[in-house]
Structure formats: structure tokens, C-alpha cells
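After the C-alpha cells below, expect a handful of questions from me.
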Amino acid sequence: MTPRFVEDVSALPTTGFGTRSLVWWGTLAFIAIEAMAFVLAVAAYFYLAFAGGESRWPPMHDPPDLWASTLFTVVLLASLWPNLWTKRQGEAESRRGSRIGLVVMSLFGIVLTGIRVLEWGTLNCRWDDSAYGSITWVLLGLHTLHLVTDLGDTLVLTALMFTRHAHGRRFSDVAENALYWNFVVLAWLPLCVVIYLVPRWI
Amino acid sequence: MTAPVGPFAQSALHVAGPQAAHIERLWWLMFGVSAAVYALVMAALLIAILRRRRAAVEPEPRPDPAREQGLGRVVWAATGLTALTLLLLIAILRRRRAAVEPEPRPDPAREQGLGRVVWAATGLTALTLFLLIAASYLTDKGLDALAHDEEVSIEVTGQQWWWKVRYHGAPESRGFDTANEIHIPVGATVKLTLKSTDVIHSLWVPALHGKQDLIPGQDNVLYLRADRPGIYRGQCAEFCGFQHAKMALKVVAESREDFARWREAQLAPAPQPADAVQARGMAVFLSGPCVMCHRIAGTDAGGVTGPDLTHVASRRTLAAGEIPNNRGHLAAWIADPQGIKPGNHMPASNLDPADVRALVAYLESLR
Amino acid sequence: MHARPLILCGLIALAAAGCRREEREHSARPIGEQGPGKVVLSELFPGGSPPPGGSHRRYEENAYHMNEGKRLYSWFNCVGCHAHGGGGIGPPLMDERWIYGGQPENIYASIVEGRPNGMPSFRGKIPDQQVWQLVAYVRSLSGQAPKDAAPSRDDHLSAKPSEQQTPAQPPRNSALPTASERRE
Amino acid sequence: MSGHEDGPRDGRLDRLATERMLERTWATRPGLWGWFTTVDHKLIGWRYIVTAFVFFLLAGLGAVAMRLQLARPDSTLIGPDRYNQLFTMHGTTMMFLFAVPVMEAMAVTLVPLMVGTRNIAFPRLNAFSYWVYVFGGAMIWIAFMLNVGADTGWFSYVPLAGPEYSPGKRVDLWAQMITFTEVSALAVSVELIVTILKMRAPGMTLNRIPLFCWSMLVTSFMVMFAMPAVMLASSFLIMDRLVSTQFFNPAEGGSPLLWQHLFWFFGHPEVYIIFLPALGMVSSIVATFARRPVFGHMPMVLSLVATGFLGFGLWVHHMFATGLPQLGDAMFTAASMTIAIPSGIQIFCWIATLWDGRPVWRTPLLFVAGFIVIFVIGGLTGVMLAAVPLDLQVHDSYFVVAHFHYVLIGGAVFPLFGAVYYWFPKITGRLLSERLGRWNFWLFFIGFNVAFFPMHLLGLWGMPRRVYTYPGGLGWDLGNLIASGGTLLLVLGALVFLANVWNSLRHGAIARDNPWDASTLEWATGSPPPPYNFRHIPVVTGREPLWEERASLPVVTGLRIDIRELLTTSVVDAAPEVREPSPAPSIWPLLSAIALTGLFIGSVFTPWAVVWGAIPLSVALIGWFWPKGGAGRRDPLEE
């Protein structure tokens, strides 16, 4: 068909943040998928606790120790502040601020991964002991997977920010990486309650 | 090869007890409603297709409503599922018309009329569904109405690929085991406790009730009653591996007297061999591979992983309903169970033919 | 693109292994066709002699046969004396010590012939194929079977880690247990 | 921001120069390298469709083998082991490797054209998802050829599929195949959601989105929330089998019913994931051939959304026979029957459209009529199955087999074939033959009903499903023979279809841009479309853009044409927002898919493969993410 020019878009920007960024939407969609996986895993936990073959929960185990998870949770929550700061630096397209923020967040990620390793030792159960052990390991494993994945992302992005590619869309990548970290933090809170506190309550 | 069974011995539309009868009534109700709904929808579709046929000859953007009504009546009268399909075929084959200009913004008044019809149809659908939900709920209640004061309590355990049947007695020493055949007295409420020791099975005797799963780690219960004497076939309805297809059972509904007589016979230990051949058969049984899995009460054979054979000769079929229980089939089954039911847990034996004959003679005496 | 031939080779290798592992033969050869040429009747049997025709390999590399062996181990009440491999009235089967030899034909002989001090003979009672299935399973108890074919966990109470996760313990022959050992 | 300012824009050059430059920018390189690296949604979409149809044919051949076996009682043509593998492969392939992928493939091909953009969102992810899908499908079929085919049904109930009752790797490979297809389905649904929400042509406000795109939007959301359930379930299963977790072992606190809940929480929405796109196709076809917009656009959209929500509330009706509490059952009965209302509304709206329109009877519309005739029966039997008492009788019987084939073949495959006839000229530039199309339709229509209608009766007369044989004399012999006969008609229909495609590809009538005079944007460009889809991004002024603007098409100008650039717009009003760069071809998606395949298959044999396999995967992903070239060139996207 014959075209009829009605609008000129050449003045539009070539990058956007938040709802104007495709990657932001993609990140949000993947967060939704993963959140659904968490929700279902927690549902499976309660199903096994109430409708599985056990009369006691946890069966023949002590509930997991609290010190490592408490430490983890405190550090994780503390990471929120530098994370939001980094996000703002990205949105302000500040190369220096983004670099500092990403380095700090990488360090947080490494420390948290270290604490997480210790945390596995405090569960007081093995994955093959019982269904309780299995679901507890899977819940913690799911979160660890996200933790490690985001750490990997952050490390690659940090490296990128120190190369000649640190311009333009990298800044929206910084903002979206921070968005994902928020999800990793927020998802942990209910999981922490389920893994560590629920066995003490029921 | 297959054990003989009557036609429709396993049919949900040839019922013999109150539970299945409730469900059958619900079926006919739903069938009737569905057929009516289907006829209406098809009629509407057909009219939609047919109503503008003249337009091709002389364009007519707003056909006369009276004529439309008349056409509608004719088509409605002609409704009938097969006929409709046929008409559809003819209608479509006869239609040939050049493409017409599309109408991107149809007339709002016409749209309103269509809207009213669509909403009415939707409302009608909702109402029909509401009625069906109510009918389903009432039927469900009806199934529960069968009083839970069972006269006979039977435990059915699904195993790959046969049914272990235990009759509870009071005291428990009056209980006994059998396999693949459930006897029940006519007119009595029967409680079936359903268990599984391996995978999930499902007990389905359509003439008496719907199905219920047998799930490891969970006991399910089914109450039923037979109102007519007869032999009703049932079958495993949840896929359970290799021989899911050949995991059948018989429910024998008989008079209270016959049932009592059968029950007393089952309680007795196995009869002693009556002659030398049977005695040899018993010896073969006890020294051969049979004892590893099978039990015969009153002898040393105490295997519990295969069917209890104390009164095997009183049963109508072998191999979970697969073959009739007679001399020839019994011998064939002992010689080559993997040929008859590949993958089942009974291994082939390599007994001497004379031994097989003796064994069959002995097993045949276990009435 | 360059990975394609590699993948293909890998697939063919997997296929060869896969076929042996996955075959499900249910047509047992009838009882009586007894296994290794000569069944040794002496109490002491030196292990380590190479398997005669390697026919038992078929069983040890095959997941279905080993799984059948596991079922029969419980059906035929081997558990009664040997527990789930830990031993009890009978010797344990999940360690590296074998009184009558830990090679397949040794174990075959133990089942078919029986052994002194309690192991009954199952000659004529257990068909040949089932004996081999049991042999394969018994060897998997001490981790002798390939890990991708050995049985995984039970669908019942777990008494021990699954055969799949049992570390391999190469059989060592040991003399008859001393009186004191037997008392333990 | 810097470096993006200069460069040739569309609208500043003459038509030929614009097209030549766009062609150079967007074209896929010829040859094998181009084939492996392309990110063009059309090429990937067509490849996806062809692959899905190959799986369809394979699974169909499996069905033919099963019907041959079941034609006579006590048949020994196929033994239980092979038969169980066959029906498992049939169900698994149809559901996971054909139905869902083919619908998503149609969307991958059509949605970017329909919303008027140059490529799909995250095109490299799109390439990746195709490779993952094809590797997963190839894995399970190669396994089947090697006699390692899964044999526990497409539903793989534990404990039968658990470690004790399914030795070997059959079920592990099956469960891993699930992982493959889920990864690819989830990736595609994210691409589609973002494409539909953010990349619509200016002016295509929410209420002007074509119904097919609406149906894909709802479908994609359903995929996002349903697929995690089956991924979790299959992961549990693999872990139970491989590292001895106890999820499904009742003796150690697990529950076999947990599997069923998780599986059906996915499995029921799955049916709608297959069915909703088909509804979108039907709407496209009906509007075009009834020569008017679909009646009741808003109710149609709301019905789609309602179906999407209600679809998640029905899973328990697959479990009525497991002995759940009665009150819960009643609730699920009500929910299951309620979903008939939105389906009913859509049927009524299409009939109203045909009623009011002036239908042109071409093959696509024929398939739509067949769809209504067949699907309504499936819907009604679905209502019956929702009633607990009736379900207890017919559950897992041939009645159910009849029901879901009426729903899935009637509800999805018929519209799909209609859609293939409808969009074939757009995709290939050639029309399919009408004459063969009619043969195709009638063979399918008659063959389908002959094959599947008797199954209703077989089920009511007590024949359970998933049996490799059945005894004679129970009243099932004739019904089975007829059903098997119908299968042969279906095979003939499929052959006619293949002949039609084969013939049309070489000698078919050349299609114009808009051979059906349809109203949606995909018809505003060439047949087949050029690599850049549209010379200028169109502007939409109504729900039926090409019918509203019959003289000329309003378009925007100002996008760069020397680099891959497309236009993103706001979610509700579709107002232009950003000139978004779009990724260039890359080999990394393929390499990532290979690495992922290695990890997945390796993990079936040893859990350590997850650790070792993560290394090449990480390398491939970093290669994918790492930006190429200097300033001004497109950087890859993160997801």
C-alpha cells in the first residue's frame, strides 16, 4: 500500500529506563516466572508438611540453626541500600557512580555466597533423609541459584563498566541488574520464614 | 485365549447397583441437555451460514425479518445432528460468491440486536450450567446416601498386575485371602478398603460404581451394593505399567445363602491330595519355584507376594481375569506365563510335563 | 556446527551403552538351564577368577534386571538374614569382604547351592534368570554395578543410601569368619 | 546516547534506496552460517512451525501404530513394552513438542507482523529457544528409537515413574525433555508479552490489538504461571530418581499426590495454552471471511482473560478419583463448569459474526466451521466430566480420550490447519490449492469423527484407556475397528495436506500482499514479507487498520535504516517512546543451547554435570551478552 507520512519519530531517544526499556519488561517477566516457582515450591512445602506422610514436622530432626541465616538476612538487607544507590547512579548515567556501586554490590554478592555456604551446614538435615529434608534443600537451593546467577550477572556487568562499552545502554543494564537484586532480596524473606521459622511453629 | 465374558459386563450403562444407577441417571440428564444445547448451537451456525444465500443473486443489505423468521423455523424443524452436518456440507458446496467489500464499522443498531441475542444465549448457558452443577451435586449426595453400615468389609490391594482381596472377619481369624474375584451378597452394603503396595491403581467395576484410586500410603474407601445377582467385570483404570491392560477382576454378586456357603468354603484350609497324582502335584508345588511366592493354607507353602492359591480352583479366571480357569489354561499358564502376560512377575518354570500334569491335578483339587 | 560430529559420536556411544542398560527382557529362560558350567561345591572358593563367558555382564549392566533383582531380594526374604545389605544372621553384603568370593559366579553358586551355617540352597526354586538378577543386585549393594544402571532409592522406608550412591568396594576374599567375628 | 544521532532515516530517501538499505541492514546472511546465526523472527518462526509439524507427523504415526494394534481384540502386533512407549511418546510429543510449540511458533512468526514492528523482542532469546526446543525434542525421539523411550504416560504418575518402578534412564530423559521444552516455551512467552505490550505500531491502543495478539498475550501469561509448576515437578522427579530425595515417597514423608497436584496445576492450563491461540486464529479467519469485524470485540477479549484466570482453578478435576474431600470436589466442579461460559460467549460471537456477515467460503473458513461443529461436542463432554459422579465412571476411560481429542483436535488442530491455509500465502508468497484444501478438510472432518466418536461409547461401555490390548466379547470390538478405520482417513487427509504444501511451494498461485483482503497489519507488507517486515512502521487508526485506510497507509518516518532500529511505544496508548536498537545475528544463542543441552543430558547421568556443565554455559552466555563493536553499534540485550 502507498505510505502516507503522518509522524516523524527521529527526535525520540534511543534508550530508556523503567517501563520505557524492553529489558526492564523482560526482567520483570522473568522475575514473575521465578516468583511463581518460589510460590509453588513453598506451596509444596506446606503440602508435604500437612498432607504428606509425616505426623511430625520436621520429622526426627532439629529445626535448622538460626545464626547463619540471621547473619545472611542482615547482610542481605544491608545490601539493599547500596543497591538502590547503584540503581540511581545508573539512571543518572554516572559512569563513576555505577562503577563504585557495582564493585560494592559484587563484594556483597561474594560475601553473601560465602555465608550461604556456611548456611548449608546449619540445616540439620540431609536432602535424602526425608521429604522434609528434600524440600528444605530445594528451597534453599532455589534461592542460592538466584543468588549465584545474579552475582555472575553483576560481575560481568562490573567488568563491562570498566571497558569501552560503558556508555548508553549499559546504564539501563545497571538499573535492571539492581531491580533483579531487589527481587533476590525480597524473595528471601518469605523463604527464610518458611525454612527457619515454620518448623519451629508447626 | 481370553476368559469369556458377557457383552457389556463392564459397562457404565448396564448397571446393577444403586451407586452406578445414580450416575447413570446423571449421565442421561447431561446427555439430554447436551444434545439439546448442541442442536441449538448447530442450528444457529447453520442459519448463520444459510441465511444470506439469496444475497448472492440480488444484494440485500437488510433482509425482510418475516422471511428470516420463516427460514429459521424451517431450519429448526430440520434439526438433527447428522442431518445438520449433511446440510452444512451441501450448503457449503453450493456457495460460490465473489469477495465483497469488508464492512469495518457495522451498523450499531444491527450490532445491538446481535448483542441481545448473544447475551441471552450466554445467560441461558449460565443457567443450564447452574442446573447441571446442582444435578451433579445432588448425585454426589446420592452416592453418599448409601448407609455406611456395611455387612461385608473387604480390603482390596492393588499389585502389579493383580488384585489381592482380603475378607475381614470377626474375629479376624474368620478372615481369608483370595485374588482377582470378589464375592458379595446381593442387597448388602459392601465396604471396600482400597490399598496399594506398589504403584497407583484404580478399581473400576462400572456396573456397580465409579472408580476409585488405590494409592500407596493412603487408604481409600468405596461403598457399593449390587441389586441383581450376576458377574460384573472390573478392570484397573489407572495406568500401572506393563500389564495394566490385563489387570481385571470379577465381582460375583450372589444370594446371601450362596455367599455364606462360599465364605465358609474359603475359610477352610486346602483339602489334602485325594490320590497319588495329586500328592505328586503337591510335592512338586512344595519343592519347586511355586512356594517362593504362593501360599496354600494348611501346607508349608507360605509365599505372600503372589496370589493365595488355597482355593484357586474355585475361582473363575486365572492371571487377573485374563484366561478361564480350566485344566488346559492352567497348564499353559504354569508353563509359559510370559507368553500369556509378558512382563508379569511369574517366571516360566521348566517342570517335567508329568510334573506339570500332577501340579495341575493338585491345583484343580483346591476348590 | 563443528560440534555436530562430536555430538553424533557421543550419541552413538551413549546409544550402545543405553541399549544394554535399558533392554527389558521378561521372557525368562525356564528353570533348570543352570548357569556357569560347573558349580563349585567346596566351601572355599577363590574369587577373582575371570567370569567364564561374561553372560552375567548382561545383567549387571542392565537397569531392569538389577531392579528385578532388588524386588526379588525383598520378595524372597533375603532381607530376613542379610538385612538391606548390612547383614544380620547372615553376613553383610555391602562391604568388600566375601567369604565365598564376590565374583558373580561365586554369588550365583552361593544362592543355588547354599552355604554351610544357614544359607539354604535355592536350586530348583529360583529360575536361572532370577538368580542372575539377584546376583547383579547383590553386587550392586557393594557398588559393583555401573552407577547409571544401579537401582536408585526405594519407594519404602530407606534403610541405607541407594545402590546408585554406594561407593564401589572391590571384593576381597576373606576366610570364613572366626567364631568371635561371627558373634559380633 | 552519543553516536546514535546520525545516519540515514526512512522517509528521507526514495523507496528503492530505502528498501536496499533496509535489506542490507536486516537480511540474514546466506549460507549455513547465516542459517545458524539468524535472529529474524520469520525465519525462526517458520523453522519452528516446520519442526513442530515434523513432530506432529511422528506422533501421528505413533497413533496409527496404536490404532492398528487396537483394531482387533487380543492383538499381538505390538507388545506391552513398545505400546506403552508409543502412547507415552504420542501424548508427550503432541502436548510438549507439537501443540504448545506450534502455537508459539505461529505467534513468533505473526505477532511482530500483526503489531507492525521489524522484529520480535529479544530475538536472540528467540533463536536460543528454538535450538533448545529442537535439541530436547531430538533427544527424546532418539531415545525412543534406541528403545529408551519413556513408558509411563505423558503424565508420568509417581510412584510408577519413580525410581523403584521405572529403572533405567527412560523417565529421566522424559523429565529432562520437559525441562527443555519449558525453557523454550517460557522464553517465547516473555518475548511475546514484551512484543505485544511494547512494540505495537503507534496508534494500536489496547482496545485496537487484534484478537490473535490478545489470545497470545493471555496464553503467554498462562505459560508464565503454569510452566513453573511442571518444571518444579519434573525437577523433583529427577532428584528423586537421581539423588534420592524423598518428595514422592510416602514412607519418608513424601506424597505421590504432590506430583499430581503440581502436574495438573500445569496440565490443565496447558489445555488452554493450546486452545487460546487457536481461538485467536479463528477470530482472524472469521473476521476476514465474514467480511466484517468479529462481533463483540470487548466480550471476546474479556472471555479470553476470564478463561486465562479460570484455567488455573480446575486442576483438581483430573483427580476426582483419588479420594479428595468432597467439598473441594464440589468447588472444582463448579469452577470447571463455569469455564464453559467464556467459551460459550466466544462461540456465540463467532456465530453472530457469520450470521451478520457475508461469508466467503474458502478453506480456512471451512476449517473454522469444522472447529465449531467438533469443538462444541468436546466442550459439552467437558461439562459432563466436570461432574464428580459422572467423572468417576468415565475418568481414564475411552470417553475421556474422545473428549480431549474433540477439544484438542477440534479446538486447536482444525483452527491451526485453517490458519496454515490462511497465512501460508503470507509466509511463502504462494497460495495453497483450494481444491486439495477441501479434500484435506473433508477427509479430516469425516476421518476425525469416525475415529473418535465411537470412543465416547467405548468409554461408557467400560473400556479403560492406556491398554495395549483388550479382550473380545465385551462389546468393544466393533467400535475399535471403526475407530481404527477413521484413523486411515485422517492419514489420507494428512497426505493430501503434505501434497498440497509440496505442490504449492513449487507451482502454487503467486499471492498478492493481501490475497484475502484482510484487515490486520501483516497483510500490509509483501508476501513473503521482507527481512525488515515493513518499509515504514505503520500507524493504526482503528481496530481493522487495512479496512479503515483503504487508499493509503499512514506511517511514521525517522527510524534509522543503516542499523537495526525499531520503535517501542507505550503500553496503553501505543504512543512512540524510544527508537530501540534490535540485536544483530549471533552464533552465541546456538552455542548456549548446545552448552545447556550438554548440561541437561549430562545431569541425567550424574548430578556433577550440573557443576561442570555450568562452565561452558557461562562462557556461552557471557559471549552472548558481551557487546560487540564500537560506539553506535547495537549492544546485545541482557535477557
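Observations
All chains are identified by letter, namely A, B, C and D, in their written order; residue positions are counted from 1 within each chain.
Criterion: a residue touches a chain if its C-beta (ideal position, glycine included) is under 8 Å from a C-beta of that chain, and two chains touch if they have at least 3 such contacts.
All of these numbers come straight from a predicted model, not from anything done at the bench.
Across the structure, the highest number of inter-chain C-beta contacts is found for B-D. Chain C and chain D have Cα centroids lying 47 Å from one another. Chain D has its Cα centroid 34 Å from the Cα centroid of chain B. With centres taken as mean Cα positions, chain C sits 41 Å from chain B. Those residues of chain D in touch with two or more other chains are numbered 81, 159, 164-165, 240, 243-244, 246, 249-252, 255, 257. Chain C has residues 24, 153, 155, 158, 161 in contact with two or more other chains. Residues of chain B found to touch two or more other chains are 198, 216-217, 242, 342-343. Applying the touch definition to every pair of chains gives A-C, A-D, B-C, B-D, C-D.
Looking at the complex, you find that chain D touches chain B at residues 73-74, 79-81, 84, 152-153, 157, 159-160, 164-165, 250-251, 255-257, 288, 291-293, 295-296, 299, 321-323, 326, 329-330, 333-334, 337-338, 340-341, 344-345, 347-349, 351-352, 354-361, 366, 369, 372-373, 376-377, 380-381, 383-384, 386-397, 442, 460-475, 516-517, 519, 542-544, 547-548. If you check the complex, the residues on chain C that touch chain B are 24, 26-33, 71, 75-76, 124-127, 129-130, 155.
Residue ranges of chain A in contact with chain D, taken from their complex: 1-16, 19-23, 25-27, 29-30, 32-34, 36-37, 40-41, 44, 47-48, 51-54, 59, 127-135, 137-138, 152-153, 156, 160, 164-165, 167-170, 173, 176-177.
Of all the residues in chain D, the ones that touch chain C in their complex are 32-33, 36, 81, 142-143, 146-148, 159, 162-165, 167-170, 240-244, 246, 248-252, 594, 605-606. The touching residues of chain C, when paired with chain A in their complex, are 153, 158, 161.
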